Structures are given as structure tokens and as C-alpha cells.
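Shared chain: subunit A. Partners: subunit B in the first complex, subunit C in the second.
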Partner chain A sequence: MEIRSHRFRVVDILLLCGVILPPVLGMVIKILTNSPSGGIEISGARIYFTLDLPFQSLPITEAQVNSWLVVISIFFLCLYLTHGLAVKAVTKRQLLAEWIVKTTENMISGNMGDYFIKVARGAFAPFVAGIMALSAFSSLLSLLGLYAPTSDINVSAGWALLVFILITYYKMKCGLPHYLKSFAEPVAFLTPLNVISEVATPVSMAFRHYGNILSGSVISVLVASALQGLSSMLLGWLPGFLGDIPFLQIGIPAILSLYFDIFGSLLQAFIFAMLTMLYVSGGFAIDDWELLQAKKKQKLQTQQ
Partner chain B sequence: MQNLEVISVNLWQILISLCNLLIIFLILKKFLYAPVKKMLAARQAEIDSDYAAADEARRAAESDRAAYAEKLSAAQAEADEMRKRAVADAEHRSDKILAEAKEKADSMVRAAENEIALERQKATDDIKKEIAEVSTQIAGKLLEREIDENDHRELIDSFIDKIGERS
Partner chain C sequence: MLELAIGIILGCCALGAGMAMIAGIGPGIGEGNAVAKACEAIGRQPECKGAVTTTMLMGCAIAETTGLYALVIAILLIFLAPGRFVNILLESIR
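== the complex of A and B ==
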């Protein structure tokens, strides 16, 4: 293996700094703006400042800032992974990058069919990977004690809205009449139910993701405070400051965190990506579309 | 510092989050998928060209081998031909030599036989002559008179022939 030049290493370190610094910046901001508050409180994201915009004023909160930090982090991570790509020199990061690309493309072709691999110049694999990366990294921010952007309903709702737009786009690919007719199936009087289920898709996606992450942090806070109470009740007789130390809070919340912060985060990211793939491919009537394309081709040929 | 309510829907925040996802999608597409796919395509092209080169080499080797086999078989055929010709030549020559020798021997035998026959003839003639002389002398002695050899020639000859037949 060739010896990397100094320049290469310096760029590497800078890229890694680009990955690590955003979360660190988030922690710094959190510490600087921390207002001591007694007792437990379960509330939304902290508002840094508010912009006055039409319709609704926009509060810039922890959720927004943290998700931007995640975006920056992922951007540098991509640059780091693809830094020094070579056809032959196989580094660990190159293997990881290749694994990500191949796995997501296999997922697309396995769950959505081969049509979606080629459509839009292969944009579906990076889209699904983007959902997974953004969701997973956002949720994992809670490991650092930061506010996970995914516990804000607006963040998951934004993603679900984009997925809904995609679903509708692919449903309309066979033409508007076909789309409207699909609501009256299998029988016409089910139309209201079909409309409700159509609207329920993005709503359920948004609430599932948001609810899972938020409930994880809420349960963690509740268990932590309960353990504090239990600790002072059981061990309060210890002399001096020893009685004030919440011994039971050591270790036990970590197990909960393992489940809610790591497992739950990754699972929800996977579920969101999976549902995206299934809904988009399920909404697209590929047989009807191919029939339509064949008809169009025939018409063109008869015209010529 | 204020906090948001746990559930507070805000249109702009939804839009921001949507844009974030779009941005992440574009970042991944441009900075992860595009370079990796380009690299994979380059690798595929390299593998393809390697395979093509290997195929080419194998085909060349096979054609070489065929040419060598052809040449080898031609050389073998030539050698066979040469050997056959040499053998035929040698047989021919040996036949010729044998025939010559036989002829020579035959002629020698024939000459010898002729000579023998001549000698024999001569010897018989000599013996006949001698016997004739001796018998004439004996008969002269017996008859006490000279027998004219020339007068009784016929008689003597027939006598000698009789002796010869008996012996």
C-alpha cells in the first residue's frame, strides 16, 4: 500500500473535524443557553429566536439547529468516505462507502422492483439512504445529550410530506383520471375511506417516527426522576452528602438509553425508509403504466 | 429562553425539514453515490478489459498451439515419409544386391558344372582310350597277334560302352 501524502492526511483530518465539530457545536450552544430549572419538565425544543414570516411566525429552535448540524456532519462524512477512492486500493472507508451504496441499491431492487433502480437516474437509492441517515443521526444526537430533532413533530412531518408528494407523483404517473379512479376501488362507496387512508399515510408515518423517539426520551426522563426519588428514599439515611447522591441513577438509565436511543433510533430510521419504499412502489401501478407506454408507442408508430 | 409545546405544528418548520431531507438527498447523490458509482464503473471497465485481454491471450495461445500441432504432425508425416522411402530404398538395394549375388553365384556354379562336365567327359574319353589301348594290348598279347586298332575300333567301343553301363 502506498504511503499517503501529508496533504492527504491533512485533508482527512479536516474532513473528520467537519464530521465531529457540528455535534460539539450543538453541545456548546446547549450549555451556553442552558437555563437551570428545577424538577422534571417535558416540553418541546428550546426556542432560540423567532422570525416573523407570513402565515405563521417561525421559531428557530433546537430541532432546526440540530438538524442543520446533522446535515453538515453527514456532508463531511460523505466527503470523508469518498476521499481517496481508488479502483484498486481498498481502504476500510472505501469498503464502507461501497457497502452503503450496494446495500441500499439492493434494498431498492428487492423492495421496489428493478424499475425503481433505473428511474430518475438511480435517485431512489440516495433518497432512501438520505432518509435513513438523517433519521438515524438525528435520533442518535440524544446520545450526546442534545435534543433529537426527530422528537419534534414538524421534522418528521416534513419528511412524511415529501414522501407523500413522491407517492402521489407515482400514483399520478398513469394520468389524473387513473389516479382519481383508484379512489373508487374496489367499490364506489368506499371512496371516503380511501381518501382518509390516503391522508393517513403521511400522518401515520410522521406520528410513528416522532412518537417513538419522543416517548423514548420521555420514558428516560421519567425513569431517571423516579430512580432519583427511590434513591433518596432508600439511601437518604446515609450520613452527610452521601445521602444526596442518587446512587440508583448510575447505570440503570444507561440500559434504557441503549434501547431507546440506539436500538429505537436505528429501528425507526429503518422503518421510515422501509415504509417509504413500500408506499412509493405500492402506489405505482407498474402494469397499467407499461400498458400505457405500449399504447403510446403503438400510436406513434401508426402516426409515422 | 422559552420552550415549544410538545406538539406544536408549524408550517415553516415542516418546510425546513422537508428541505433538509432534499439537501441530504442531493448531498448523498452528489458526494457519495456519484463518486462510488463512478469508481465501480471504472472497476467494472477494468475487469472487463482484463477479461477481454485474457480471452485474447487464450485465443492467441490456442491458435499457436494449433499451429504447432499442425507443424508437428507435418514434420512427423515428413519423417515417416522419409523413413518409408529409406526403407524402400534399402529393400530395393538389398534385393538388387541379392539378385546380383545370386546371379553371380549361379553363373559361377554353372561354369563350374560345365567345367566339371568337360573334365568328366575328358576323363571318360581318356579312360576309354586307355582301356582301349590296354585291352588291345591284352588282346594282342592273348592272340599273339597284332590287332589293328583301327579295324576293330567299333567293336572295342561297344565293349567299353557295355563296361561303362555296368559300372
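== the complex of A and C ==
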């Protein structure tokens, strides 16, 4: 398709709408369902409605809905970035998309070794980039005043479980006996400790991500309410409605938000992806796997 | 009498939350050490600033975990535990 053509532009605008509309939809839902209450409150995710399933009822919460919106938004963002790809880059967004792919692959080859970039490349780079984007955008959602899905333990626990399954898969790649034997190392009586540390991996990943984002939002809310009280104490003598406006609340919470919402969110997304890579590559015994492959090859050759 | 019991529950939950956050000392010292050593390393070898910074952030995140456990306990004690304990008390009275 021609880059400057009319149709290209229209598709572009539609894709951008797909990026922007989900957060706007989230804000609309929040405004519609928000019960008016005075003051600032700290609460968990609001439950929108409950689905009655045969065994257990399934509550659909704010965190779930917001994370679906983030997924849709990222989906359209990817479509937008890869719209109009050419062999020789002609658009700025292609350069950005290429930079993202290249950076992810560099990170994986730097942190995980050659196997994951050569053999499992098609499977692994998208996963890491996807989990990083999902985490970063979910946490950044709090900038729009929405409930960040990552400040709900269920969301980050779900991701940690996913990563744990991946780790276990790579640990079992050398066979089940090898996996079971790895618990009894270096000495057999350390087995209970190894089992505990195995279970602690997903728990600590979930708690780390959730705790960081939640503590940021709790501290922001506490500071905002403290500033409200302070400004009504210091500036309450102003005549008329001027006394009711919390002047100290203007601007000062934004500095905290810069650290907690932007820096903290991006750092936690990076750390979550980094830990995923480190745990997976640490759990995969590449030497034993290569030995196993060589043995299999030899067996095949002797059979022939 | 009931008011006193509920008051004790609420007060003890708040005290427990405050005491749980004493655990913040550990990660603070640990992260401070990590950053100090990273600064030293960058001062000695400015060319590996990128790698040192990345490793330091990773280490800080892991050192922070114990503090975050304490935070989770404190949050549970403030927002979840009082209601639950009061419910248990009321049920035992009934």
C-alpha cells in the first residue's frame, strides 16, 4: 500500500483509535460506576458483577476489566507500529518497532545465552517483550486515574504462575528424573529447603510486583490526603470558596507520581521481565541437555 | 466490655502493622550498601556504567523483597485483619 495514500491514513487513524479508546472506555466505566464519596479512600478493586459458574462464582473486578483494556490497547499499538512495514524503513514507527525487537533480542542473548536466541528465539523474545509491555502499561494506567491492574495481587500472581510454569518446563526439558534429582543437590538432606525455595520463586515475584505498585499508590493517597488537611489548616482563613480549595494539593503530588507511577512502574516491568529471563535460563541445564541430544543422535545412528 | 475488646483488637492490629514495618530497616541498609558499591565501581571503571547500573537495580529489587513482605503483612493487618478478628470475637460471644 502507498504510504501517502488516503486509505493508509484512514487505517492509521482507526488503529490509533483502537489504542486510545480502551483507556477512555475504562475512564467512562469508572465514572459511571463510581459512587460519589467525599474524601480520599484506599480500597481494593471494585467488583463490577459476579458470574455464577457451576462450582464457584467468578467475580469480574475492576482489575480484570482494566487489564483486558490494556491488552486491547497494546494489540492495536502493535498493529499500528507494524502498519506499512517495508524492507527499507520509510516510516518512523517502523524504526521504533525494529528498535523494540532488536533491544529485546539483545537483552535475551545477553542474559540467557545463545540457546534461547538461536533455538527458542521465535518463542521467547515475544513472550518477554509481551510481559514487559503488559506490566508497564498496566502500571502506567494509574496515571489516568484508573485502578492499576498490577496493584491487585491476583493479576501479578497470575503472571508469576505463568512464569513458574515456564521455568518448570525448561527444568523438565532434560527429563523428569533429572528434574527430580535437581532437588537433592548439592546434598540430599537439603531437599525440603530446595522445595521451599522452588515455591518461593513465584510467590516472591508476585509479591514484589504487587507490593511495589500498591505501596506507591497507598503513599500517593496518604500524601494527597495529608496535603488536603494541611492546606485547610494553613489556608482555611481565606474568604469564601477560596478557603475550600486545597491549594497545596496542586502540583506537589505530581512529583511523587513521577517517581511512583512512572519510574517505579517501568522499573518493576523491567525487573519482572529480567527475573523471568534469569530464572528460566538458570533453570535450564544447557550442558546436560546437549549431552542428552548427542546421546539420542548416537542412538539413532547406531539403529540405522 | 465489648467496646474495650474491639478497641484492643484495632489497637493491636495497628501496632502490629507498625512493628511489621521495622523490617524496612533491612532492605534500606542493604540497598544503600549495593548503591554505594555500585558508585564505587562506576568511579573506578566508568566504561561499565550500564552493566553495573542494571545489575545494581536487579540486586536492589531482590533485596527489597523482604521489605515488601513486611509491607504486605502491614497492609493485611490494617485493611483486612481488624474486620476479621472482630467478626471472630462477635461470633464467639454469640
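By our rule, the second predicted complex is superposed on the first by the 293 of 304 C-alpha atoms of A that agree within 3 Å, B and C clash if a C-alpha of one lies under 4 Å from a C-alpha of the other, contacts with A are read in each partner's own complex, and residues count from 1 in each chain.
In this text, a residue touches a chain if its C-beta (ideal position, glycine included) is under 8 Å from a C-beta of that chain, and two chains touch if they have at least 3 such contacts.
As the structure is a computational prediction, the values presented were derived from the model and not from experiment.
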item: Simultaneous placement of subunit C and subunit B on subunit A, clash or fit; value: fit
item: First, second, both or neither for A:267, with subunit B first and subunit C second; value: second
item: Partner chain(s) touched by A:214 [first = subunit B, second = subunit C, both, neither]; value: both
item: Touched partner set for A:204, first subunit B, second subunit C, both or neither; value: second
item: Partner with the higher number of touched subunit A residues, subunit C or subunit B; value: B
item: Which of subunit B and subunit C A:68 touches, first, second, both or neither; value: first
item: Minimal inter-chain CA distance - subunit C and subunit B, angstrom; value: 7
item: Residues of subunit A contacting subunit B in one complex and subunit C in the other; value: 42, 44, 214
item: Touching residues (chain side subunit A, partner subunit B) in the complex; value: 33, 35, 41-48, 51, 53, 55-56, 58-59, 61, 63-64, 67-68, 71, 74-75, 78-79, 81-82, 85-87, 94, 97-98, 100-101, 122-123, 125-127, 129-131, 133-134, 149, 152-159, 161-162, 214
item: List of subunit B residues in touch with subunit A within their complex; value: 1-25, 27-29, 31-33, 35-37, 39-40, 42-43, 46
item: Residue ranges of subunit C touching subunit A (in the complex, touch as defined); value: 54, 57-58, 61, 64-65, 68-69, 71-72, 75, 79
item: Complex contacts: residues of subunit A adjacent to subunit C; value: 42, 44, 204, 207-208, 210-212, 214-215, 218, 267-268, 270-271, 274-275, 278
